[in-house]
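Naming follows writing order (A, B, C and D), and every chain is counted from residue 1.
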Amino acid sequence: MTVEQRGTREGPHHVSSSATDRRRGPERLEAFSDGVLAIAITLLVLEIRVPPAEDLADPNKLIEALGALWPSYLGYLISFVTIGIIWANHHNLIRLVDRVGHGLILANLLLLLTIGFLPFPTALLAATLETPSAQIGVLVYAGTFVVVAIAFNVLWYEIRTRPGVLRRDVDAWSVAAISRSYRLGPPGYLVAFVAALINPALGMGVIIVLTLLYLLPSSSGA
Amino acid sequence: MTVEQRGTREGPHHVSSSATDRRRGPERLEAFSDGVLAIAITLLVLEIRVPPAEDLADPNKLIEALGALWPSYLGYLISFVTIGIIWANHHNLIRLVDRVGHGLILANLLLLLTIGFLPFPTALLAATLETPSAQIGVLVYAGTFVVVAIAFNVLWYEIRTRPGVLRRDVDAWSVAAISRSYRLGPPGYLVAFVAALINPALGMGVIIVLTLLYLLPSSSGA
Amino acid sequence: MTVEQRGTREGPHHVSSSATDRRRGPERLEAFSDGVLAIAITLLVLEIRVPPAEDLADPNKLIEALGALWPSYLGYLISFVTIGIIWANHHNLIRLVDRVGHGLILANLLLLLTIGFLPFPTALLAATLETPSAQIGVLVYAGTFVVVAIAFNVLWYEIRTRPGVLRRDVDAWSVAAISRSYRLGPPGYLVAFVAALINPALGMGVIIVLTLLYLLPSSSGA
Amino acid sequence: MTVEQRGTREGPHHVSSSATDRRRGPERLEAFSDGVLAIAITLLVLEIRVPPAEDLADPNKLIEALGALWPSYLGYLISFVTIGIIWANHHNLIRLVDRVGHGLILANLLLLLTIGFLPFPTALLAATLETPSAQIGVLVYAGTFVVVAIAFNVLWYEIRTRPGVLRRDVDAWSVAAISRSYRLGPPGYLVAFVAALINPALGMGVIIVLTLLYLLPSSSGA
């Protein structure tokens, strides 16, 4: 993690040239991504708002108001688990990285951009789920997950195809297995999106099923 | 912490296979958990709100309004200390981990999910403690701690029973001692919950006593 | 990263004297800066607010309201990408640091101060872009970027001119190349500021072009 | 930083016993503290609020409203610099730590508790500085700094007096020099507090002078 360690590994010639060619190991990319993911996952709770003062004074009203917050709890739960799974998968990908180049930084930034955005569609979902606008809330939510899943595949594409990024000791079989499992993410959430076009509750059902599937040990997508 | 170090330790064969079996060392799990805990603990202050403009203009009113915020200060204090203790205990547990598997990631995510939720019941407690709904606030607060304590025990159960997770140099006596101390968490907060059913102030009293107990050097629960 | 490692590297004599002369390696400076940058980038989403209740109930109104949030999306996008680029460049600079002294800590704190401030002008931009005050919003936004770019150059100046800070294996050619690329930041955003004086849309156009330029692999400024 | 490295350093016997005696190296304490400090410093910007909609529509009103936010800018500036200095000093202290025990964890948690609280008095200061309640805002702000400075001295006391915490290669002269410089913190902010009792502007003046003094290379207190 120290500059000295890296310097030793790469030799002094590389270090001075690296000032311009931007290549480096994945340690700080990992630390920064971990930070953004940890913050995005923890900010989700800020969207669960304490009921207004008039509901607080009356215990019966408060119980009702806390129950009516169920879309907020559901949104917190799904978004939290999804970001948690993305974190685990992100770690699995970055472990396979040998050298970090400009393309990888951009692809990773794109992924973080979509994940950092998640608290907004989560809050929108929670605010609309019991209104006539529920469909819009679910569509935006599912649509954001489609974009996140695409960004995850872009990152993996960048790692696996850009020369010198993937570690040489990763075999073709592993690469193919990862590709297979991640490839299911975008169409999966697209199904949720289309289902929400038919019926918002159906769309939510597909999202919940996808979240549960990603919790299985054998699957690993985004 | 670098992929190279780990690669050296595990051998190249493992690294490529690990892409699919998800096993790894606990370093990044620790870093991510630290991040979530640090953020959850720091977000607590956002629930202490500056009094409204009409109270700000009049010094006497402002002093009164700042005094009336005592439930916010108390909630900040208890939740901050509790998350701080959880952090210390979490660190103690993760140090005993040899390899991180799927079950551990899920158990850890469950714990983070409950801790990341804490700012909400803390805010609810602060908003209700001086209203007729105080009992609801204390019940939700104590109930959340019951769930956190259970999640902590689930994490420990996962570490100690899943083959290959616990480090081999940890002796049975240490395992038993940890189990004993953590086992007290859920019933302890359940007592606080039941006490709050009788009287909210009594429930708060039990929570405060539990928090102080956890500050003792010999105890170590959640 | 451990004290022991550093102690071994520097010898015990240095360590005890360092308690007063404040010199040290850049590891923890990097970790702290990464933390601040990761949080600032993730807080941006909090400025995108869910439309008010009266818009939520009516799907047509909600679609319109979500569309009217475009300045918020644009602000999120530009600020996120800019902080992301600053993070990458910051990493490139800190890698060239051998020993951290007092001046570097202050210069780095100044940079973090300006970046930590970014969510405010971003929110102001989003709130004003469709009002008669758009010009003020763009001027404050561009002006903040001018200050960030100056702070970045101050940090680089501190690294490259203060004796003992720059690593000895960094050659003069690399230093000159970095200086050249960073030097373009302040005048670039000053152009955006002046353009906004003429017309706010023109100012935003210059900012967007600068952001896109910074995404190119060959450029590396702030 | 890995468990294996630490295990190698301490021997397997220690590791198993450490499960109950809670001793450990300062790495994760540092990481957690860095996280809390980085978040507290970055949350400060959330207290600078965009002017209300009625001021946004009229450029002249908006300029006036942005100018009237000066107490928010000032509070952001002072609190940001103060937390930044605390971070640098905290790092200097933790570097001298050999083994982390229960007392150090508690003393560190106390310090983080006071620093994590800082966004609230900062917001209160900003909200009151131009009202008749300015004195209360400054008193709470200065009072919080007194408590932070005391907590910092408690942490240093814990490190320097508890057997086995301080590294053995730190000489008595360094310890005395640190003690001398930190000892000035509590009375310094107490002077600011007393000055604010006479006149709030005078109190702010003392706080600003103290902040500038702490930016000098020779001083190092909190």
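Definition applied: contacts are C-beta pairs under 8 Å (C-beta built on N, C-alpha and C of every residue); 3 or more make two chains touch, one makes a residue touch a chain.
Quick caveat, the model's predicted, so the values are computed rather than measured.
Greatest Cα centroid separation from subunit D: this falls to A.
Taken over every residue number at the interface, the positions common to subunit C and subunit D amount to under half, indicating a different-residue contact. Between the two copies, subunit A and subunit B, the Cα superposition rotates by 90°, quoted to the nearest 5.
The geometric centre of subunit C is 23 Å away from that of subunit D, both derived from CA atoms. Mean C-alpha position of subunit B lies 33 Å from that of subunit C. Across the assembly, subunit D contributes residues 1, 31, 35, 39, 43, 46 that each touch 2 or more other chains. Across the complex, subunit B meets subunit D through its residues 1, 5, 9, 25-27, 30-31, 34-35, 37-39, 41-46, 48, 50, 53, 56-59, 62-63, 66, 76-77, 80-81, 84, 87-88, 91-92, 95-98, 167, 169-171, 174-175, 177-178, 215, 217, 220. Those residues of subunit A that touch subunit C in the shared complex are 1-4, 6-7, 12, 15-20, 22, 24, 28, 31-32, 35-36, 39-40, 43, 46, 102-103, 105-106, 109, 112-113, 116-120, 123-124, 127-128, 131-133, 135-136, 140.
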